[in-house]
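Letters A, B, C and D mark the chains in the order given here, with residues in each chain numbered from 1 onward.
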Amino acid sequence: MDSKELIARRVAMELVDNTLVNLGIGLPTLVANYVPKGVHVFFQSENGIIGFGAPPPEGMEDEHLTDAGGGFVSALPGAVAFDSAVSFALIRGGHLAMTVLGGLQVDRHGRLANWMVPGKLVPGMGGAMDLVSGARRVVVAMAHTQKGVAKIVADLSLPPTSARRVSLIVTDLAVIEPTDGGLVLRETAPGVSVADVVRATEAPLIVAEDVRDMVLA
Amino acid sequence: MRTAIDPATAAGLVPDGASVMVGGFMGVGSPHRIIDALVARGARGLTIIANDTARPGVGIGKLISAGCVARAVVSHIGTNPETQKRMIAGEIAVDLVPQGTLAERIRAAGAGLGGVLTRTGIGTLVADGKVVLRVGGEDFLVEEALGADVALLAARTADYSGNLAYALTARNFNPLMAMAAKLVIAEPDEIVPVGVLPPDAVHTPGVVIHHLLERRRHG
Amino acid sequence: MDSKELIARRVAMELVDNTLVNLGIGLPTLVANYVPKGVHVFFQSENGIIGFGAPPPEGMEDEHLTDAGGGFVSALPGAVAFDSAVSFALIRGGHLAMTVLGGLQVDRHGRLANWMVPGKLVPGMGGAMDLVSGARRVVVAMAHTQKGVAKIVADLSLPPTSARRVSLIVTDLAVIEPTDGGLVLRETAPGVSVADVVRATEAPLIVAEDVRDMVLA
Amino acid sequence: MRTAIDPATAAGLVPDGASVMVGGFMGVGSPHRIIDALVARGARGLTIIANDTARPGVGIGKLISAGCVARAVVSHIGTNPETQKRMIAGEIAVDLVPQGTLAERIRAAGAGLGGVLTRTGIGTLVADGKVVLRVGGEDFLVEEALGADVALLAARTADYSGNLAYALTARNFNPLMAMAAKLVIAEPDEIVPVGVLPPDAVHTPGVVIHHLLERRRHG
């Protein structure tokens, strides 16, 4: 199992039956492959649909039906289409139970940066600021480090996506929960020690009394 | 009744330097024939208001590559390296707006609102220079209405009176922009007689549409 | 011809082809009966429809299709239904070419009062404040006096519906246009003299150089 | 999937003293069976948020006459003399809100906005005590979001997952209220299997609906 699958399978354990969920582009999209048995979630794509499905059979693609990345998808029975104002009303109005987003950095307060690297890369925030400000739960799914550099940092060096604290950070090494007191290490990945996680993390970590092994979907 | 115009006529109604809303999300639900006609007429200095600039060679990406655009008010440009390149070269100004805020600002213009109060952007670069209002013990950014000179839309179906219905994720910003510009031109996949679209199936009332693009002609 | 018909037929002359028009409850509703030949207007009912028509044949009524007064109507080919937010987006967003409303008073600045009589009658503003603030043209259709008391007054004694000046006042005696300079008497009804109008009006009137006879649809 | 509940159960989910949005315009598009059940259970002290109080014996008018209502936040009460009478007697407090402002305030609550800026009400009693903001050289009233504990809706069609479609002028405030309350119960004319409503025909996504009223049972 590669680290992306590991992260996706751990995040999938956070899915709650009968709720609305948004998955960001990239790694977070993989979460849809590991929905636990007996759990039914409604996946929203912010370009305007709830209930999209896997890409259609070749030749069946509809130019009016894509995901937020512009890739062809299908629609499941019961799917609903809507405009961008309704889509973000769902996201910002407290109707979205959970969003899963990639991250460039998370700081000791649990604030996320994931929309630009000044002077280098300015892709824009797309829907990320709305998702982080509006979803009931915000789960960051990302590699713990990039090229050996910690992404969970004491202070953001990149512009924040929102002033709001995210709900959970899931990486290839650990599950970390931002709290009022700071970042709490809750779980470690298979074969990873608490010391490994602390070493790979720049921000101070509070080690939970009962650090568990990651449970994967 | 609306009259149907050809793509060159539509492009001629969009003056150089105009602010132009363009429907679509990564090119899906964009008015492709009008975009081609704008490129063909060599439009210049446009301010494009849209979700994104798609990819090079696709939808709004064609306007970027052809040098039609002076400014882009969009939620992201990450999928179009050409936009990034021209921004760095100082050829295109880019205003980045959170996607939900962009939708609400456009909707506000169409609905006669001065703006909306939103949490999105509080504590970020987006809040720079903006008024913050406290409502119910919480801070909200005041985000002002955003209108345009022209809106160019795509739709699945139009009837002769301009009523529009959209399909699936091609709807996106189109119904919001339909209300928010002084001149509104819609490019439907098909045009049907009045009465074919049931009242509850219409997403945009024809009264806000000024012109329909004529149907595509074969051979 | 009674005075209501007179007012309705004069207001109908203000209808512009191919535009969106809202008629208030009561007298203004009658305007729909006198649309001039060759003029096609789209009538909006603020409860959520453009393109409603006359009451349906008996037994054909649909409990889901009424006007703003709750009376059964029909729908014409090309009719469009929408929710109350869209309905008022049309009204407030500059999409409504004209609204025709009843009035209790209009003052010398052209400000309308039509939603309450303090201590006596508090029906509420319904959509009136939105219509007066949002429509491109606001036409007040009302009797010139009530029980001999002038309704076009120097100063409102009733709470205003909007700070905005209305576009035109059509009564059973005259057509009066509020301008920067004041209320201008433009037209008189058949058999009514300028002196009659001035006598029945409390607000100062500027008599146009070319006062005409009302033209009726 | 949603579960279908009977009217008495629905009425039982609406606590005395709750703020309750009720769809409908002069009773058209109101959840009549739930209203009857609220009257039957003798609900008390409700704050009703709705377009109007209809007429005596019709829709919300029944709640007024039965003494269920302590406060009404509505755009007009002119069609219901009973509401006027109880207001004058001090039994019901009435907050009058311009209809378009009421729609936007409810929509704002459902969309996570703190409020909107509107021209409506400037220079009138409606502006008393409210913040005025200047945008683009023009004054706008700040009108705050208005949410509720419960929303009671009527719809033409629901599917098993709670997706709703409305008919004609019975749509009115229903889709706005569907987004703006903590608990949302919809009373559809008919309930159909998932997949029967096409994605573009759904006006309210089922994810915001908590309960459907069971279908009417015959004899």
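As a convention for this text, a residue touches a chain if its C-beta (ideal position, glycine included) is under 8 Å from a C-beta of that chain, and two chains touch if they have at least 3 such contacts.
Fair warning: this is a prediction, and the values are worked out from it, not measured in the lab.
Each chain's centre was taken as the mean of its CA atoms, and the one lying most distant from subunit A is C. Taking each chain's centre as the average of its CA atoms, subunit A and subunit C sit 55 Å apart. Inter-chain spacing, taken between the CA centroids of subunit B and subunit C, is 35 Å.
The mean-CA centres of subunit B and subunit D are about 32 angstrom from one another, to the nearest whole unit. Residue positions of subunit B touching 2 or more other chains: 104, 107, 111-113, 118-119, 166-168, 171, 199-200, 203.
Shared interface positions of subunit A, defined as residues touching 2 or more other chains, are 49, 75, 81-82, 85, 88, 91-92, 134. The full set of touching chain pairs reads A-B, A-D, B-C, B-D, C-D. Against subunit A, in their complex, subunit D makes its touches with residues 1, 107, 109-113, 159-161, 163, 179-180, 194-195, 197, 199-200, 202, 205-208. Against subunit D, the residues of subunit C that register as touching in their complex are 45-49, 62-70, 75, 81-85, 87-88, 91-92, 122-130, 133-134, 159-164.
Across the complex, subunit C is touched by residues 25-29, 51-52, 54-55, 74-79, 84, 87, 94, 96, 98-104, 107, 118-126, 156, 166-176, 203 of subunit D.
The part of subunit A that touches subunit D in the complex is made up of residues 18-20, 40, 42, 49-51, 75, 77-82, 85, 88-95, 134.
Residue ranges on subunit D touching subunit B, taken from their complex, read 104, 108, 111-119, 131, 133, 135-136, 138, 140, 142, 144-145, 165-168, 171, 199-201, 203.
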